[in-house]
């Protein structure tokens, strides 16, 4: 039901097959989800996205679970059904508890509500929030 | 430039004045930002939003800084200029370092990119991501 | 297929069971729709949303049908499949005729079109539309 | 600051000049707002949008004020700054009272909040909401 | 599953039947897709949309394939599942090759990523991008 | 007014300075726009985005102008003020004529209108549009 075939293993180009094996190894599971089997139709693009994702989601100043929570929040706001499901699953795998999930949902709902209020009333930004008055 | 006046202190109803004083006390600052001075035109609604915000953003399974990061992410995805500025400022006040901010931005950009890919290709959700097959 | 179970009656906490009975009584029907059975996983949040909804959607300066029309319009613009369906059904129950529905759809489509035009051409707001030139 | 010039009267093509005079006559004011002066760069498109707008916003099963409230709601959800301001002004001209405006804002905020909840939890639509099970 | 019936041929009003026959003739196929069978519940609106679509998508300074690519891009950004599918199919019919489709997807993803970056960091527009400093 | 400083040349890290010089060389102009001066606060991210942009926007099966038109369309749909302005300017530089621009705007408006109609009526996708019935 995607706009491109969900490629099975025997349909993959050698580059795509190599990428899917890498995904299996990193995730320690044989299952490779639809997103990668669809974007595998474009192996170079799939490689770029995977590499960027590994870099962005690696532990840093923010831990991987916090990053997944942020990912779910953006996906919900953009109403990406696929990404909401896949990253909610990822967040659970990285240790999101039911209580954390409850609070994540609450913050998403709260923010969406005040976003709507600020946009509907077109509240002008306070000068004190503007970090940089400079520029050319 | 809002659709309602940005009320000055002497223009507030007694309920609104009381709320703004409460905001000052909780935040330990005399400054009350535009959002509250605009929504103060509707004192009962302002009270409801403030109380809900205090509950939702309180420490719980997620700490207040993590909640602010999620708030910024939703506000950026919804492109609420006011909320992006006000909650980026709040996140800084709650300890967001420049490195954390860099990573927050990266995750928002990454998620927006893969949201667009999944939506453009209409990737169907994998069965294994579906938490609940039940229902009536 | 939600990210949380669609709770059946025997799976509800006592708080959630009480809320669902209240929903049945207010709506005068035994059927409780999925939204409440999913959010019932978080009984306190479900209670808050229900109470807020009852207050917001009550007759006031705007009648309940007009409020439902506005609800459908926001839900369509945010592309919330669930909310479009549930609030279109609610609007019909509150008396939305086929002709009203036709006009509702027309206004949503018209607004979406001119929103896109104004955003694509970045038309600056006329001074005369700005209600409040004040501020601090 | 638009991507196209905000045309002054002496810069208008004859078709555009005629349209702006028609707008003045219908609205009973000399002032023509930026949207029309920008889209006037494309006179045929401007004419099409104006005619469609006159038809869609005319009194029908829904009165013009209700239509303006819906227009504001869609524009807020799409975060079209221009349209929020211009249609909030139109709604006031058509009789929107401060109390009606308060309730409009409340419904927009409420809907945005439950839209976010339904999207974040991916609540599946109840069968009973589906108006038409047919199709080919 | 639409909010209105997907009308079968024998359920059409005479105006709607005439429109569907016109669609068949223009497209040189007997199949008429769901969008038209749903909006056919409102024959006058269906006629308006069809006529506007024929005008807008006709060859001009941009060729019909380029117009379809733009249509898919907007539909993906708005996450309209129906329109993504129907206009991706139209683009293929008008000659979109797999390589073109790959690049279309890449640009959509790239733009969504930088849109998110610019919105998250609220980058102010450079003066040199502003086409028109005029206005009244 | 960004959430990060708009860096002047003397404030750049050596990596960022090198990137900005590369941008100047590729574009054959001394002027470097705000987006790059803001994201230059995160030199590694800036480098990644720039390199990805050069790859994605290079001539391929789609020419650079067509890619810019698609970029503007996505940016308008996402209502990214910055990107609408900067990519409309880029499109003009790559040869977009006033007539092409008019048609671009028309397609964006048309698509936004039918997106809203399909979402508001929740039209189900026709089987014949579904490219791939496979999957695991």
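In this document, chain identifiers A, B, C, D, E and F correspond to the written order of the chains, with residue numbering beginning at 1 in each.
By definition in this document, a residue touches a chain if its C-beta (ideal position, glycine included) is under 8 Å from a C-beta of that chain, and two chains touch if they have at least 3 such contacts.
Predicted model, so just to flag it, every value in this text is computed and none were measured.
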Common touching chains of chain F and chain C: A, B, D, E
Copies chain B and chain F touch via same or different residues, half shared test: different
Cα superposition angle of chain A on its copy chain D, in degrees to the nearest 5: 180
Furthest chain, CA centroid comparison against chain E: B
Which of C-D and B-D has more C-beta contact pairs: C-D
Averaged-CA centre spacing for the pair chain E and chain C, given as whole angstrom: 27
Chain D-chain E separation of Cα centroids, rounded to whole Å: 20
Where chain C touches two or more other chains at once, by residue number: 1-4, 6, 34, 49, 52, 74, 76-81, 84-85, 88, 102, 104-106, 108-117, 119-122, 124-125, 130-131, 135
Complex interface listing, chain F residues touching chain C: 72, 76-77, 79, 81, 84-85, 104-105, 108-117, 119-122
Chain A-touching residues of chain C, taken from the complex the two chains share: 3-4, 41-42, 45, 49, 74, 78-80, 135
Parts of chain B lying in touch with chain C, wherever the complex brings them together: 1-6, 8, 34, 37, 48, 52, 125, 130-136
Of chain C, residues touching chain D in the complex: 1-4, 6, 31, 33-35, 38-39, 49, 52-53, 56-57, 60-62, 66-67, 69-71, 73-78, 80-83, 85-89, 97, 99-100, 102-104, 106-108, 110-115, 117-126, 128-131
Residues of chain A touching chain C in the complex: 79, 84-85, 88, 98, 101-102, 105-106, 109, 116, 124
